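Shared between the two complexes below is chain A, which has chain B as its partner in the first and chain C in the second.
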Partner chain A sequence: MDPSEVEFISEKESISIVPNFSLDKIYLIGGDVGPFNPGLQLDVPLWIAVNLKQRQKCRIIAPDWMDVEILEEKKQEEQESKFFTKMPCDYYMEITQLLLQHAPDNIPKADEIRMLVKDIWDLRIAKLRSSIDIFVKSDVTHAMLNYLTLMELNTVRPFLTKALDHIQQLRNNVSYGAALWSSQD
Partner chain B sequence: MATVDDIPFDENGSEEEGEAMTAAEVLGKLEEAWLNEKFAPELLENKSDIVECMMSQIQEMEENIQRAKKGDFKVSLHRMEIDRIRYILSSYLRIRLKKIEKFTSHLLQTEATLEDPCLSAEELHFAKQYQSLLESHMTNMALKHMPPNLQKLDPKLTSK
Partner chain C sequence: MWSCKLSTGTVYAADKEPRTEHRVLVLVAFEIDALCACKILQYLFQCDHVLYTIVPVTGKQDLERAFVEHSEGVQVCLLMKEDDLENIPEFRDVFLEDESDEDDLDNDSDDPETGQKKRRFDEAALIKRMEKRKWEENRKKILFEYTEFSGYGLSSSLLLYDMAWKMSKDTNDLLWLAIIGVTEQYINQHVERDKYMESIAELQPHVSRLNHRPDDEESSISIDCLKVMFDNELRLTMYRHWSLFESLCHSEYTTCKFKIWTMKGRKRLHEFLADMGLPLVQCKQKFTSMDVSYKESVKDLFKKFQDKYSINEQDLFLPSFHAQYGYKNRYCATDVIYASEAVLQDVEKEYSDSDNFLHTLDLLNRSKTECMEKGIEMAKIQLSALVKQVQSFLDANLVISAGPFLYAFVQEGTPDVKFFAKPINLARLARFTLEAYCCVSRNKKVKTLPFVLGAHHNSDMGTMLVIGIPPVLDKSLKNCFGKAFEQAAATTNSRTLHDFFDSHIIELKSEDRSKFFDALISLLQ
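Up next, the complex of A and B:
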């Protein structure tokens, strides 16, 4: 799966905005949105929020978890735990990316947040890599991983499944010997 | 995230309650079908009722947009949503076509024996056409020039 498709999926998440225009309720296929009143906060899907922001028609309210203190705690927790910890949002990376790209002026302490999310991401990816390393080197047939987000899974999915496939093939060949090797193709 | 395990749950839902579902639910089902299809190595059952329902929704919405005033602010949001749904739809159908091209003869063989067909009518038509084109291409380009005992395409012996 392409990272842009993961981002596409994450754009369905809802987020609070404060519009600066007024508009009646709109009836989208995926559900109703609105009504919009200037200065009144409401929840909309992320893709609408980003679009409105691009047209300078709203102010995006950062989600609750997008806060330096909470993220620092999260980072600490992630560092101390051997396993993956639950993330405050399943699409934390994508949403941070989108909001910081399109609405950096609406996010308090945007730079610190960017750093923290990147740190958490790096920690988790390093953890994921080392656990995959252990997994592949040991002879177990399955492993359990909790709380991984879609984007994180996606960074390893294509490579890991292919690699395991190859390992399996190589193992088969070793155990069945050269005779199988020639007949397999 | 939707997984292959989720499929049995919505089997009844999509057929019996098809009429009673709201557009948003259908959209959810379509997204689920899209992701399942994307990650499954084989062709899954067809969801043509969902696809058709969504197509008619889009068409209806487009007619509404036509009627709306030009430059209306709402229109751009509606149009954006249509584009998003259309992307999911075409991505879903395209993944299926890719799989059909990959497993043409296997699918056509098993299709006859299955009780509920995996392919929709259009997909079946596509598969048959693709198969015959492929066969005639193979025959014209290579098999004709082979010794007579090797001139047959046996689906059991070929990988396609």
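Up next, the complex of A and C:
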């Protein structure tokens, strides 16, 4: 899957906004949204929130987990644990990216949050890389990873699948060659 | 700009709901103020999903052509251009309902029975005809007075920013664009300082409102957000992006004050810098690499020593704004103007006018920092060419007095001549040359003389650009050359093109140069 596809899927997540216009409930295929009243908070899908923000029609409220202390705790947890820990949101990377791109003025301490999320991401990707390394070297047939998010998965998927294919091919060639040798003897 | 006011009624109707089935045609002149206004409008249209088409126009012919080409299915047409709003004559003085024509037709009918009546008709008709003739003469007089002097009115970007604010769609970005538009008017001497100060005073509360940040830790804002701040800026051209020394040598006021083109002037400048305690080596390197202590004290030092070198504070300092976004990008309004004008008048053969227009729109979009940097480099090149040209004018005594005005021609053949084929650069050269000549000349009268500058425009067609600017001491900035050029061209049958929106710039066939100028001299005696 393309990272843009993953971002697209993540845009379905719900987020709080405060609109500055009024509109009745709208009935969309994906679900109902509204009614919009100026000054009253409500939850909408992320794609609506970003669109409204770009048109200056709302103010976005940062999700609960997008807070410096919570993210620092999470980063600490991730550093200490050998395995992956549960992320506050399955789409933490995409949501952070979208919000900090389109609504940095609505997110308090945006720069620190950006740094913390990037640190968490780096930690997890590093763990993923080392676990793949161990997996390939130890020659096991399957492995189980918990709490991996879709975006992280899709960063390794193309490489991992191709690499394993190559390894399989080389193994097949080796065993074929060995079979030939033994048949010739 | 009344065409813009019309649009506020039609597109954004009374109930503030935009009519999305309408399409708007926006014709934009090649000026930074117009471009800023265009960007503000573009943003507003995008917010409300209004269909629009933007067409850049260089002159009146372009305008007509673009209008005819694009006007299918367009409900509203906007022209982004500064214009003089004062002294617009009354509608009824200029346009007349055509009722009198019917009476004229009746007069031809021959009716013997109502012979008596016909004579009375004749009297009434005669009186009417006399009145019409008087009205026509009055109309001619009013139109002549209206077009006699050309000037500039309210900044269009400020007008549009106001509109955006009233619709509660104003943002810091739109405010910054309005600031750039207003500053451009002052930098290019389209408005007097008082009007500029009024506009600044109007913008100041918006700046405080949108950039107010409480100083506590809790609500610190991301460094990438735009921050606009008020400052009493030093009027040294792009000094933050150049070296202090270069900037002093390329700013109109300091160059003329110190007469940098002479050896004595240069020595005086060195003295000035030494007096202030700024080491020459530091001044000649990039401003950003100067020692922090010098950088911070530059403004105060200038203030302290301005009296000794008789520098006028009003000319050296300009109340203006600067914007900061990201760690590196700190630009004051004048920097942006020089950079964008340089890009707008790019002389590369591969870029057409509309390409330059689009590049400048990109530059005003502040997320494209590489465009801005490129623009600044281009501005440096163009400014150096300009100063060199002024120097050659003065060294070779090419500024000649023709009685009622001064004139000069840019010599063909120099490689920099291509820069002056563009109107904005030409205007800047004219002002700089006039200012410099007035500083150098011993004749007191030169400060009251207007200046006409000619420059090679198009070698294929053999044309040149001629621009006329008002004298140095004339603070009202009213330019009489529009009408004067027209009349001189008419009397000598010179082949001229009065295509530019600014009537004081025209295109003239180089062969008709001498007779045109003779006519101009006799006209302005």
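In the analysis below, the second predicted complex is superposed on the first by the 177 of 185 C-alpha atoms of A that agree within 3 Å, B and C clash if a C-alpha of one lies under 4 Å from a C-alpha of the other, contacts with A are read in each partner's own complex, and residues count from 1 in each chain.
By definition in this document, contacts are C-beta pairs under 8 Å (C-beta built on N, C-alpha and C of every residue); 3 or more make two chains touch, one makes a residue touch a chain.
Given the structure is predicted, the values throughout are model-derived calculations rather than measurements.
Chemist: Once the structures are superposed on A, label A:Asn20 by its partner contacts, choosing first (chain B), second (chain C), both or neither.
Modeler: second
Chemist: First (chain B), second (chain C), both or neither: which does A:Asn51 touch?
Modeler: A:Asn51 sits against chain B, while chain C stays out of touch.
Chemist: If you stack the two complexes on chain A, which partner ends up touching A:Leu116: first (chain B), second (chain C), both, or neither?
Modeler: In the superposition, A:Leu116 contacts neither chain B nor chain C.
Chemist: Examine A:Leu128 and indicate which partner it touches, taking first as chain B and second as chain C; both and neither are also allowed.
Modeler: neither
Chemist: Return first, second, both or neither, reflecting whether A:Leu71 touches chain B, chain C, both chains, or no partner chain.
Modeler: Once the two structures are laid over each other on A, A:Leu71 reaches no partner at all.
Chemist: Quick check for you: in the superposed arrangement, does A:Ile61 touch first (chain B), second (chain C), both or neither?
Modeler: A:Ile61: touches no partner chain.
Chemist: Touching A:Leu28, do we find chain B (first), chain C (second), both, or neither?
Modeler: First partner only, chain B.
Chemist: In the superposed arrangement, what residues of chain A touch both chain B and chain C?
Modeler: Overlap of chain B and chain C footprints on chain A: empty.
Chemist: Would you tell me which residues of chain A are touching chain C in their complex?
Modeler: 20, 54-57, 100, 104-105, 107-111, 114
Chemist: Would you mind writing out the residues of chain A in touch with chain B in their complex?
Modeler: Its residues touching chain B are 1, 8-9, 21, 23, 26, 28-31, 33, 47-48, 51, 150.
Chemist: For chain C, which residues are in contact with chain A within the complex?
Modeler: Contact set of chain C toward chain A: 46-48, 168-169, 171, 218-225.
Chemist: For chain B, which residues count as touching chain A in their complex?
Modeler: 1, 23-24, 27, 31, 38-39, 54, 57-58, 61, 73-74, 76-78, 80-82, 84-85, 87
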